[in-house]
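The letters A, B, C and D name the chains in turn, as written, and every chain counts its residues from 1.
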């Protein structure tokens, strides 16, 4: 009798916590949409028309869906990068820079390698090489920050921000200098087009969505598996939740911090690489501005869970992609999307606000995502 | 956790259903009709009110509407380079007659769209056409001439014989042509007047591409730094960064020289000390090309717009007659080709 | 005082100045270069100093603030907007409009800080995430309003940006006038005097930033307010047990921090250049944060660090001015992308703790739970 | 018993925390000039009651009277104004502030807006002379030893003119002699009319100093008695609610060869200060070596250095003649070390992991828990079920987060994980029973003795002298990072150990 009652209340607790986890992000989105609508109306726009444009533009046709997937591809990678770091107790604000250096590296391999070798490579070698170099470069960029964190205690938030600036300056330097497309018609900072053998083919003829999208979904699954089913994932999560206990348990905390940062940077580098090899076929300066910051919002909205990241990456992609149609219909500026995203993030981060508005009781414990400068 | 994803998936599905139910765009005028002349504009990554080329081009489109040429005008701001094609397609699919794309960055997307929409006239601002593409007219300007003119003016007017230019990144050829033209113009004036003028030209190349044109604070500091070292005329070339420099110069009592349009009109805070502007007449250029499209006289390939210098406005009385005469002489010389700036189109 | 740290800072500034003097002396007398660089350094350091002070107040009270960037951006926008509305819509005279602009900037910084306080103190949201929310929100909000209010349908200004009432005036300190007699007839002496005077002729926000540094340092380490602020940042429970209202102290300090960030925002659009551009703060809020850490969470230290960043900016500008006289062996100084890395690499170097360990307040970033 | 004498009275105090009824209709009174001891197990509700009186929490029900008048205490400000001061178990001092700054915080003296440190220092000197407290107002608190920090806390209450002083477990961090000194100070205070509430769980101290004793258990007051009418056994019975065996039963030990050998060890703490100087000792198989000493004399650093959590400056750590100096914790575990860490929530557990995950925290990478880098969930669960029943861990299921368990059961999770490992040769138990209820303490003590009887070497570190004396076969005493004495337990006396703990140097007995 007693135990039955106990197990009953336990089931109820589990159900409560599950519905809690899903309800809050959902209501956060809903609230943000309503707040956004009020703002549109306030500045004299038509919120319904604006939202209809947003939805049409993102899901209204095969082409629109394809474009949403195109947008979602780098978002999934970058979102996973931030989420993985969160799991390891690290706040990677540097996806922006890691993405840029990843794109530089893979574009360099993409256009210059056949030149250096003097002959064309088959796609089966060239494309993986281009991707791998991009990933490695992103990993290296983040690994520096991880190393500084592990061995000097330099906080990763400041260091990743600084590394963003260094990455943007360095890519500017390269794209204006040695890597600039020297063809006489080109006037801007971009590399030459990468060779055909370094390009990811499109999924369907006539649409821009490419196999990189499928790869993104696979990698998301892989990250989930890594985090939850492997000893490495166990180590990363343990270091993230309690580094002291991790050290006690015999985990090499410094190594895991560096490794987590490297993996995170590799995912971010992948986001840059995939844009070069799958979509733009070159690196053009400034193509990825803001992806790193969107990735933070995506990771938070997805509660750092890989599947959550995929879904929230889709949501953000749809919003960015649908913005064109929304603009066309209502002349609402694109900044509206940034504002909507900020509100979503606000309500997700401060779930207490959402709980208060909708009178939802909280029973879950607080999850610590980051620690102060000292940690 | 499953429920979370279920709910989010539901949200996406629900939005798709909503789309299916939603009707098409409720447009007052239907651009697909033959008799309705529609003009759409796609900006480069940036804002329509950037006080620079996006805005000037849009004003050209608006002018064509005011002139009764265009019936419907509309713009889309590009937020990300990968949306170029999609943004152009919005207008293409809606049956617009003219699509203006602003900036070199849209060049490839414009050429590609011209093939997809053969009935649409594309006007590419600052898009030099190396090869003629059917349906695309590239609108270009000799920025070096404009820079040359104001360079000569600044050198002639400077009392300290030190003049400066604060520019966006030299990676963008029009900016570089402005800056180098400025130097060449000053040297030309020195030759005429027997003076030696020191020219400081600073490009804002130390930051990312996204910030080089939008950093007025840096522009102001750089201008101040030049004035601290004696410069008494500052040419601001390069979007908002340059605007900051010109404003700072005007506030310190030095001569300010604007860029692109007659900035006496767009930078009221610098107007009292605005000596002139190196003009690149995008607005009339765009409006003219739209009108030419309507009457069928437009051709594919490159079209060159006008460049010149703006009136002296408030400072008219300060400019000596011989300087005014010199300016007219140089302007004529540049137009008839007897004076050459010797600035190559792209930074070597 | 942390002499090692200040010595290092002084050394960097001397190296930066020395480089420019060495290269530029063929074109300009050193005194002119130094005074010009000093003026640039102080001006560039102004928003950084104020931003760093904002961080010092928040973090000394135990609230991490990476939202300085967003607070500055918001304040820059609303300060400018307020001045323009006062000037053009309500027809106030320019002086009053500018003054009210400063007021609106500080107010909007305060409101953003209030949001941060509500999130991080009341709702105990992770403080770094709270700051990120502020930063993203500020970009969206200012971008949207800037576009919509001036270019949207029904804008009172009908599509064009109206004239602003101008900027705060320079306060002239009459050193030249006072010391002219000493120079006598020497023209070069007078010229130097004018050059030196230019360093001291600063605008109100730049001057108040320096005054506020010393004021804040005094307040933080010598007054009741400061003692209590530091107490809630070091050990909030201990402060609670002696009857100090931890939540109130944290709120007030975050709000003060917001006002400082607001003043920093006002610098951009009301003191320096009277126009607003999207993203105009360009990451200076993050540099402020670095300056705060660089200065080990003290106002004077943060100021000194801001001066380093100012000096490296002055170096950059001057390297371009003297571009054609840079000797070939120093040619890398022409590459502004590379020279531009100086402040970022310096920051990362400082964070390694080689130059004295930086120690944040013990409870920085930790929400207080009774 | 006249009413007028009563300075503080709490009536019908009830306080509910989520899941716990911490105080249930508690009545308590304090007379002027008396020392009233409040006795109870960990979690009995003593600290809660005091926090309510001090205003750190608000009671759900009940009233508090000071000098016969009902007062409402909403924050420490109210209690301070009513003349109540409290010395918390975990000191409420800010290490980077000076003594003067700490003392004046919240009640600052200012001169023209500026802190008047001189006046405060003078007042502190005056107080410290009056009560023989001897603290330097200009010292940084972080540099002071624990005993002096406690005096700073007392000065803090006196600076605020407290008439009622609450001392929460004040002797936990003191040597017996320092405790005697504290009792003297307490009597000095009562002689001047100050009334003291003395919270403790140590029976001997209560009988020695209290004028009255109130015993609490599970949120209730069991009884209030004068010390003359009771004894240790009766008090223990009241605290726990059943007969308690006050001594630990154990057989004579059969020591074998040396298992752990520590030779000339030097260790630094995180601030770079040398906290362990030249420490050498051995632990034999089948023996419990107790390390006695006041908290903060290097015990933490010593256990961390041996277990591989902290770098060794110089010296050697050997297990079974194998040099394991500066090996990683993983290596040590593999070599046969079981470590029950000092702070179970910080080091021993990941609170948001399940009990099952925590039970494999150190062995997750080994078969059967892992197969080529992939976690085997089934093996994890099975292991957890076995250990839960073997070590009597009270948990609804293996999948519950460790953070949801009580302190005693959390500690049992650690003990189960560590002691169940097959290759254990050496157990290092640092403060294994701190903060636990008597039932859990008894259980953990018996598990430690079981290990000893199996021939395992046990190094026990505890600040509780009683625990050391009850369990150890041999005792070494640490003082300021050095071993000042080694003694067979049978030949040790409390007094002598106390002297050593206070630094009295003797040759190894």
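Here is the rule we use: a contact is a pair of C-beta atoms (placed from the backbone, for glycine too) under 8 Å apart; a residue touches a chain by one contact, two chains touch by 3 or more.
This structure is a prediction, so every number in the text was calculated from the model and none was measured.
Engineer: Could you quickly compare B-C and A-C and let me know which has more C-beta contacts?
Structural biologist: A-C
Engineer: Using each chain's Cα centroid, which is most distant from the centroid of subunit D?
Structural biologist: B
Engineer: CA centre of subunit A versus CA centre of subunit C: separation in Å?
Structural biologist: Here subunit A and subunit C have centroids separated by 31 Å.
Engineer: So, what's the distance in Å between the C-alpha centres of subunit D and subunit A?
Structural biologist: 46
Engineer: Averaging over Cα atoms per chain, report the distance between subunit B and subunit D in Å.
Structural biologist: Once rounded, the distance between the two centres reads 73 Å.
Engineer: Multi-chain contacts in subunit B: which residues touch at least two other chains?
Structural biologist: 47, 205-207, 210
Engineer: Multi-chain contacts only, two chains or more: what residues does subunit A have there?
Structural biologist: 169, 172, 176, 331, 333, 337
Engineer: Can you list the residues of subunit D that touch 2 or more other chains?
Structural biologist: In subunit D, no residue touches two or more other chains.
Engineer: Where do chains touch, given as pairs?
Structural biologist: Listed in label order, the chain pairs in contact are A-B, A-C, A-D, B-C, C-D.
Engineer: List the residues on subunit B that touch subunit A in their complex, please.
Structural biologist: Its residues touching subunit A are 1-9, 11-12, 15-16, 18-19, 22, 25-26, 45, 47, 74-77, 79-83, 86-87, 90-91, 94, 104-105, 128, 130, 169, 171-173, 205-210, 346.
Engineer: In their shared complex, at which residues does subunit B touch subunit C?
Structural biologist: 47-49, 51, 164, 198, 200-203, 205-207, 210-211, 214-222, 224-226, 228-230, 240, 243-244, 247-248, 251, 266, 268-269
Engineer: Could you pull out which subunit D residues touch subunit A in their complex?
Structural biologist: Within the complex, subunit D touches subunit A at residues 307, 309, 328-333, 339, 341, 346-353, 357, 361-362, 364-365, 370, 373-375, 396-397, 401, 403.
Engineer: What residues of subunit A sit close enough to touch subunit C in their complex?
Structural biologist: Listed in rising order, the residues of subunit A that touch subunit C are 39, 43-45, 91, 93, 148, 152-155, 157-159, 161-163, 165-166, 169-170, 172-173, 176, 293, 296-297, 300, 331, 333, 335-343, 345-346, 349-350, 352-353, 366, 368-375.
Engineer: Please output the residues of subunit C touching subunit B within their complex, sorted ascending.
Structural biologist: Going by the criterion above, the answer is residues 27-28, 32-33, 35-37, 39-40, 43-44, 47, 143, 146-147, 150-151, 159-164, 166-167, 195, 198, 268, 272-275, 277-280, 282, 313-314, 316-318, 320-321, 336-337, 339-340.
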